[in-house]
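Letters A, B and C mark the chains as written, and numbering starts fresh at 1 in each.
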Amino acid sequence: MSRSFRHFLSLREIPREDLDALCLLALSLKRREAVARLPGRVLGMLFFNPSVRTRASFESAMARLGGASIALAAGRDTWNFEHREGIAMDGATQEHVKELAPVLSRYCDVLGVRKSELVTTSATTAEVSGSWDDLKRDGFLRALARYATVPVINLESNADHPCQGLADRMTLLERCPGPDGPRGVKYVLTWAWHTKSLPMATPNSQLEAAASLGMDVTLLCPEGWELDPEVTAAARASAEAAGGGLRVTHDRDAALAGARFLCAKEWGSTRYYGRFDEERRDKERLREAWRVDGRWMARTAGASFMHCLPVRRGVVVADDVLDSPASIVVDQAENRMWAQMALLASLLGEPG
Amino acid sequence: MSRSFRHFLSLREIPREDLDALCLLALSLKRREAVARLPGRVLGMLFFNPSVRTRASFESAMARLGGASIALAAGRDTWNFEHREGIAMDGATQEHVKELAPVLSRYCDVLGVRKSELVTTSATTAEVSGSWDDLKRDGFLRALARYATVPVINLESNADHPCQGLADRMTLLERCPGPDGPRGVKYVLTWAWHTKSLPMATPNSQLEAAASLGMDVTLLCPEGWELDPEVTAAARASAEAAGGGLRVTHDRDAALAGARFLCAKEWGSTRYYGRFDEERRDKERLREAWRVDGRWMARTAGASFMHCLPVRRGVVVADDVLDSPASIVVDQAENRMWAQMALLASLLGEPG
Amino acid sequence: MSRSFRHFLSLREIPREDLDALCLLALSLKRREAVARLPGRVLGMLFFNPSVRTRASFESAMARLGGASIALAAGRDTWNFEHREGIAMDGATQEHVKELAPVLSRYCDVLGVRKSELVTTSATTAEVSGSWDDLKRDGFLRALARYATVPVINLESNADHPCQGLADRMTLLERCPGPDGPRGVKYVLTWAWHTKSLPMATPNSQLEAAASLGMDVTLLCPEGWELDPEVTAAARASAEAAGGGLRVTHDRDAALAGARFLCAKEWGSTRYYGRFDEERRDKERLREAWRVDGRWMARTAGASFMHCLPVRRGVVVADDVLDSPASIVVDQAENRMWAQMALLASLLGEPG
């Protein structure tokens, strides 16, 4: 497939035609109607944060394509990296992206990086190094892409998780096989309670994924937990351009009525960003009401349940939902691999 | 080869015919009389504990088969995992095996997991999270196998290390090339002193390995360091069914007399399980007498010396044994790779 | 290519003819005039220290050759290793090189190890376990090579970083394409200031690399920061044998005059080895004068700038040098991969 994008950093930067082509190729690969091969090609990945699905699905994708993967745990396997321009590196960082990016580009055919301030395994939310307005610029990722001479894939940054978005988009297409596909079908992305303040990257990308399909998109959340207005505005524009629409609501009953897909995700508030203890105290009152359970599902129009995983059972989502036939979370996770195979084949494949 | 088992969790659950077939295939692969190929197939491994042989031999086995491996350090590379049913995950764990197992099954063709409470690199024995009767059920491993949709291999759990057992079994067959093979040959598994209380997984599997070959099996240990009675009873039944026998003794001279194989292993007592400081104080008196050295070997019938490795030289076993021609520990370790190639080929190969 | 060496531990031990053949093969591979294949072959690597270029370039090299890599983080993924002879291992180490080396040799076709006392990501220099005269013997590496039954590659030890040296040597050949090649061309290796006391391994190997090409080699450093006299003497002998020469100087102007290559490297003094706080206090006075910047370059004869990376921008080298067209550090880093492909092909390839 031809493509107009160089890097894969945010769904908001990829033309809809390219997203459509990637999803169609992914579905063909999954059905074994298409074959892609990348023998001898190498994917290099830098993980600043833990990962299960992202790492395993990319490594499996490259292996199935006949290529290889190099996965480095940044700061454990490697040096500490710097991306700020023009500073004297006399502190904790040893290597600048201005060297790192072009050097890895000589060893690898494509690079991936996961760098998020809030993706951790700790029991409390990590301290952050800046304001949301600063961190959402994804300085390290953008610097890596600027200095790399091969394509760069965002494996989750502060602002975006486009591979999750792409897999969700493929899943929605797969589940709407009719002639109109997902266009106009009601998709609800709901906030769910979590003890920590988790990143907005995934819901940002999920919202764009459904919007770019022209779905009837609803973002459901408590007051104060809306996503970044820029993200919501971009998704609204995408939805409308694709024949759909987007609304933000705090009214659960209205949101769930008619929903065919309910995607749950826990995230922190931009309002409280960096003041996570305060956020925790404030949102304690939301704990019971914003756990997704069977009563939520009963109000939908037989919705399929989606979640990016990992999910804290009994906290974010009740077992009765995750263990029900309505849950498609494992299929959704599987599609990470197929979507990424399509992405890798598109980024690295011979023009044909 | 056809096989009757789905997972490879404990030698005690694998029919003798399957163990025989696996060992014969392993020996043929080692002699280059058989070839196995698994191109494009993916082994996913989760390591909760350190590893040298297990990880390197599995990665090498998959590479030689034309496939690929994904090795994840649980809790460092990944989330923290939960396996208990029906709990609200508001603590230190982020992902449940009910999601982890089926998701990894979509990316990988076979899964391996090493999860042992006592396998560490620390200088003292780890604290354990439960009683031996509880931990020997291998809750995480069993849950992973229950929810996986691909075969699961135990890379060492609390109760079993079946890959070590399989390699030892292959080694015993390799070293007894006569028409009767190892049947009736005297095999001694002896306890050896170690500063820490090490897991029983390996001796449990080693005992069963020799027993299932119909060998004349002796378990030698100080009073109080017998293996779990269930394990010993199962091995006795296996030995008798295969034309051999099993005895447990504290009498070193009687044990060593006539021995053709002496396998040393250090392990903690079930009696003291969880009270490791007490065990250490009690066993201090055993330190000198239970270090295997050349005087032990001299009482055997020219026995080959076996150990699973790693081994603390000069503490568990004296250099004069490890550096002597009687030691077959490196061959034994090499056989890990061939035995596991046979296992992988059997689990993933085309029926033929 | 035929070769006379078994292991690749130090450039000082490899005959010049072999170094020439390796570099020529590397250049041919880079120009796609030669092809090397090692299908199904396995490289096992042990990293006691962080790495970017070494690990990624070796993994990429093996993947491009059709083989596979196993990378283990020593002490995190594995046991703690012992290499001293004849001791009772009742301390922090669990496995002896006498077992480790032959066992890994059964799983892998070639082994690599990075073990340096001073390569860390910490903000201060690590404490060392011995004197320089002791540590420069590279006890672990040499023991691993002694007990391995396959070739061993030094991925950086206390005394040497021969893969960096080989890549630099290839780079110098590549940049001097005339009939005489680099012979007689002026090459300056200069000390540069760094907050920590970094290892001498890299400059030791870089000096030998240029010397073995018969270049006109100058080692420039402040008084007290000369390299180990044995290393300098060996390089002088190599240079003279190859038609070049070597001088050590503290006079920057004289050193830079006529230089065609300026390679910067920061390292600790043998004089202060182990007393790093003292060294730091003493060298504070050198901070400004020994940062390589455009004024240095202006005094050369249009030199190309080299550095092994990682480099602390603005501390060791000014941005105006690194960002100038004279900098060839990325090409130099790329050549790690090609040089190592040649090395692997030479060590593992079929005799032909």
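Keep in mind that, in the parts below, a residue touches a chain if its C-beta (ideal position, glycine included) is under 8 Å from a C-beta of that chain, and two chains touch if they have at least 3 such contacts.
These numbers were taken from a predicted model, which means no experiment stands behind them.
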Rounded to the nearest 5 degrees, what is the angle of the rotation that puts chain A onto chain C, matching CA atoms? 120
Note whether the interface between chain B and chain C is symmetric in residue numbering, meaning over half of all numbers used appear on both sides, and answer same or different. different
Cα-centroid distance, chain B relative to chain C, in whole angstrom: 40
Two or more other chains touching the same residue: where does that happen in chain A? 68, 76
Which residues of chain B touch chain C in the complex? 47, 50-53, 55-57, 59-60, 63-64, 66, 68, 73, 76, 121, 123, 195, 309-315, 319, 322-323, 329-330, 333-334, 337
Under the touch definition given earlier, write down the residues of chain A that touch chain C in their complex. 40, 42, 44, 67-68, 70, 72, 75-80, 82, 86-96, 98-100, 102-104, 106-108
